[in-house]
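One chain, subunit A, appears in both complexes that follow, with subunit B as partner in the first and subunit C in the second.
After this line comes the complex of A and B, so read on.
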């Protein structure tokens, strides 16, 4: 590398290769990120070219904004449930796939056909959220034509004359959306955990088996500690997804940019978009963006700290 | 957990050896394993059905009539109507599909080229400011896109590129930069220096070495990150829904496919023609299914390794 590093035309080459990517990235990503902080201290409407500096007014208005506070609460609820439910189900299935088979002389084995299961489970991951929104909009339909109501009617659990209005029930709507996120995510995290499990050397399992450990014991004492890094990473990713939720809420629930019924499914992202594109409060929307950033950073820090364990080398 | 990305052949070979390598010895704890096996297959099958059933149900819906869809969810198409597909195509799905393709024909190669260029220089040329620039690129992946939306809209507006393909292309490329640079950076670092040095001794220029030596060698990495970018940009919804709105009444609709589907959902809600909506979703799903089934090993490996790094 040394003479490469010193050869002719090196400086120009480096600059030439970096300038375009950097320029694009600065213009469309970094500069808007920075500007958001500035705009969040103004009363800019987005329409007029002029605006005033209003200090922390937007932030104090946010604190009093009932809708935003509700949205924040919903985001926090999702923040707890989306990672917990998704990770538990994916861990369970990943363990089933890799150690749920018959135990043979060779030690614990995965079930037959685990590759096929993985192919099927992972598929939702490549579908766009827009497709999921339409699909589950149809599944949750409030008449017998909806898959869920159709099934429940067939089983006699729902009165055909009064099917359940899943997405219009204030108490259900958020959980209905949670199910979509879990349905979408499990396959991905299962594959992720599965890959991590397969990178654990087989002899560790064999040693545990020889020592007389059962499957449950093997899972909690051997597998889980070795997977801890991936579980932790997954919690952060799922937490970030739970802070967003824009596509599903805005397209599946009622109201301008979703959030209905009566703000029961509101999340911060939908409130932000409504204030920006519908109410024309660009400065106020920017303040919400900053709050979302701060919460995301806090969340990542907490997750990484709370889940910190001795790193296991193998 | 460094390089989980494998060539398909390699991965398949590994799978074969995993399947045959272990002796299928007699069941030691026979009944225990048996019960557990049935138990695990039971759970696994139920989840499999939960994934597939709604998708098949939706596709079947595009062959039904609107009345039949509304009457009962569990009916089999009475008469197989195929006309919802051409109707969905004419309702805009065709042009939304074309719009998405036009954008991606430019955005994906440009992402790969610019991302690789930056990653290559940052990975293999030590210079002052190298680390800060690298972290600068990678840090973009940490922030929620909502943080940038409002100023981004006005930035694109100022450049007179709202509701234009070139505007969206540039924005897609910029927002794909963090992941692409991150991934290709670690890939270029693993390539041997000997080949590079040989090329230098032969008198090849830096640029020529990049295009004729390094890029071909980085092909497996390029494929993985390429698939990731195709999936990410194809499925993008928030960026186009802010940037691709007709600005005046006479502006053409340059919706992306994801936006178009949501648009179709609203429209069909009024016109009560659900088979058209279902057919539209089916059309949108087919390319993803094809891409996924052809590259599923690489997709799974690529996405997981990217997350774990």
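After this line comes the complex of A and C, so read on.
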């Protein structure tokens, strides 16, 4: 009896603390979602408090919208490549920095100078996306003034009269952007994986080494399984980043809110913003927002489920 | 941001707070899903209509809108190439005359600053709705957010009360402020569009400004031989190259060809030999490799700066170019305006230019001090205020002879004035980009592909006509007609 009352009291106590944050969360996060959902059934222009209810018109228009479908495809492409490439590179570097060094008598350690490398690899993470866009805008600049073009021209690989218009090439533009995201992300995930690797007891590695395991075997049989939780989390985060991409695309590529040339770098967020702010089709944009939300939720659920494994305790 | 103090802390204050809070929590990682910030951006303010305080001041000839003495005036201006000193000077003059307290906000982020206020029903009294982030006029009209400014046109002019304001304006001003069949925007800055070149460079090379298309191509060839580009354009923003294409169409086919496009006619581009010839002419520049290297991927400032450094003979732009490039232009550059050269057999003469009014000033329908806003626009069309603008912003206004002759203009602006005089009545101006944002964007995409040599002129025509046909479905298409 007293036990129950006790726990009831504690529940109330805890709830007392949670009411305010919960109310804030409901008002400022959940309520806008519900509003958006509502607006997606209207022809709201985004610049006026008046609008009409149009039912599912926005959603059926969305199905036929080639630009949006193209953008969705680009997002899916990025969804495959951004997490895979970033995680593979960061894992490789993290392993080299923590366990890739000469296996001398001192046991397991990283390559020489690994402490310094860790700091340097982290640099890109410090820069904001807006700065990245400017920085890589200068790298990809389409005349001789661009870093890449200038470099290639000096080497005699590119004709100065016909420099490569990196971000104006339908076949290059998405990969150019992918490179920026990977460059930006590797440092952070490297540090994340390093931290996870350092928490793996050294004696596990030593045991593996004593048993005659090579570097590759150590990585696949020991390191990766023990790091699986971190890899899984990273995949979700990177997947979400790949579903976004708004800042880079809108500032680096041509067109209103980017997406150029001719929709070849379009992502859902840029199509959404163009319809929302430029074409005055806010109701339609809200429908896109709802689709993005649903896709992102599905993505997170799938990633977490597909990568579920048994925990290894150590 | 003085303007926030001018309006209440009701729904609007909450609107700001909500966005800030979401931004902050996103930074904290509370919101990991990126869609959230977009979704919450979609949330509008509540649907409340704050009724403007209807003035009870008697309407007189001196005070045609019934402005109440005292009170507040909320002004928002775009701070672009013209700066905002002129607006501060105007507000001071207005406050002195009417005893008002003006709040001044100058920004480049018109949309993000004003959208919550339009949605919340408490917009400012006067807005200079310009720049890359302007709120599109067609969008505002669709939402019934703009005051019909015809009353300003019919009010007596401040300089000469026997005249109406409408009789003191440059030709095309009223036309360019019409959206959805209403006069909703006072386009205040008089602009000409066309090609620009360096008088100094041309003198050095012994080139004369071309009047026909073959002459133009000849100079481009000579420029290439001299190791520089013929034409530079602002490739990242294909708006600019469309000026060249559309000007060629209008000059070759006459005003009817232009109106056919604005009126969304089924043969505006398709089966129109004039349009095809114009696009082919532009494509010839690409085909003969006469573009400035890399220009297709450059922003407006990058390509204009290259042009300022003598890397290309010509560039397309409007007359704001000189102001925009003030810092990058060498002292002795001698910037000169050139009307678009004509194709053989053109209906309009070489002197004809695209000229019109830009920089739209609007008075929101739900402005708290609507009378003040209207009076502000009327004052802008006085010689005193117009001269203030010409001095501070080095640009012409839509007021006829609105600049005191003692004001000295820069070389580029002066050359534009000369070209305008030579053009006389031969001016034209497109409206489709203001009327149909989506169509404008699709034409720009097509031109981007054309300049990159990825599509041929025939394909451009096909895409352009498809964009026109799509625009006919716009609900405003029945109101946006010109003759």
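Just so it is clear, the second predicted complex is superposed on the first by the 285 of 314 C-alpha atoms of A that agree within 3 Å, B and C clash if a C-alpha of one lies under 4 Å from a C-alpha of the other, contacts with A are read in each partner's own complex, and residues count from 1 in each chain.
In this section, a contact is a pair of C-beta atoms (placed from the backbone, for glycine too) under 8 Å apart; a residue touches a chain by one contact, two chains touch by 3 or more.
No experiment lies behind these values; they were computed from the predicted model shown.
Participant: Have a look at where A:84 lands relative to subunit B and subunit C in the superposition and call it first, second, both or neither.
Facilitator: Neither subunit B nor subunit C is touched by A:84.
Participant: Contact-wise, after the overlay, does A:240 reach subunit B, subunit C, both or neither (first, second, both, neither)?
Facilitator: both
Participant: Identify the partner contact of A:292: answer first if only subunit B is touched, second if only subunit C is, both if each is, neither if none is.
Facilitator: Touch status of A:292: both partners.
Participant: After the superposition on A, what does A:121 contact: first (subunit B), second (subunit C), both or neither?
Facilitator: first
Participant: On the A-aligned overlay, A:93 touches which partner chain: subunit B = first, subunit C = second, or both, or neither?
Facilitator: In the superposition, A:93 contacts subunit B only.
Participant: Between subunit C and subunit B, which one touches more residues of subunit A when both complexes sit on the common chain A?
Facilitator: After superposing on chain A, more of subunit A is contacted by B.
Participant: Is A:277 contacted by the first partner subunit B, the second partner subunit C, both or neither?
Facilitator: Touch status of A:277: both partners.
Participant: Under the stated touch criterion, which partner chain does A:29 make contact with: subunit B (first), subunit C (second), both, or neither?
Facilitator: Once the two structures are laid over each other on A, A:29 reaches both partners.
Participant: Based on the superposed arrangement, let me know which partner A:60 touches: subunit B (first), subunit C (second), both, or neither?
Facilitator: neither
Participant: With the two complexes superposed on chain A, say which partner A:269 touches: subunit B (first), subunit C (second), both, or neither.
Facilitator: both
Participant: On subunit A, which stretch or stretches are contacted by subunit B in one complex as well as by subunit C in the other?
Facilitator: Of subunit A, residues 24, 28-29, 31-33, 35-36, 39, 46, 141, 143-146, 149, 237, 240, 243-244, 246, 269, 272-273, 276-277, 282, 285-286, 289-290, 292-293, 296-297, 300 contact subunit B in one complex and subunit C in the other.
Participant: Considering only the defined contacts, which subunit A positions touch subunit C in the complex?
Facilitator: Contact set of subunit A toward subunit C: 24, 28-29, 31-33, 35-36, 39, 44-50, 140-146, 149, 160-163, 165-168, 170, 237, 240-241, 243-244, 246, 254-256, 260-263, 269, 272-274, 276-280, 282, 285-286, 289-290, 292-293, 296-297, 300.
Participant: In their shared complex, at which residues does subunit C touch subunit A?
Facilitator: These residues of subunit C touch subunit A: 18, 21-22, 25, 31-36, 38-49, 111, 115, 118-121, 133, 135-136, 138-140, 142-145, 235-238, 289, 292-298, 302, 306, 437-438, 441, 444-446, 448-449, 452, 454.
Participant: Spell out the residues on subunit B that touch subunit A in their complex, using ranges where they run on.
Facilitator: Counting only subunit B, the residues touching subunit A are 1, 4, 15, 22-30, 32-34, 36-37, 39-41, 43-44, 47-48, 50-55, 57-58, 61, 69-74, 114-115, 117-118, 120-122, 124-127, 133, 136-137, 140, 142-144, 146-156, 170-171, 173-175, 177-178, 181, 193, 196-197, 200, 205-207, 210, 231, 234-235, 237-238, 242, 257-259, 261-262, 265, 274, 277-278, 281, 284-285, 288-289, 291-293, 296, 299-301, 303-305, 307-308.
Participant: Would you mind writing out the residues of subunit A in touch with subunit B in their complex?
Facilitator: On the subunit A side, the touching residues are 1, 3-5, 7, 9-11, 13-14, 16-18, 20-22, 24-25, 27-33, 35-36, 39, 46, 89, 92-93, 96-97, 100-107, 109, 111, 115, 117-131, 133-139, 141, 143-151, 154, 183, 186-188, 191-192, 195-196, 199, 215, 229-230, 233-234, 237, 240, 243-244, 246-247, 251, 268-269, 272-273, 276-277, 282, 285-286, 288-290, 292-293, 296-297, 300.
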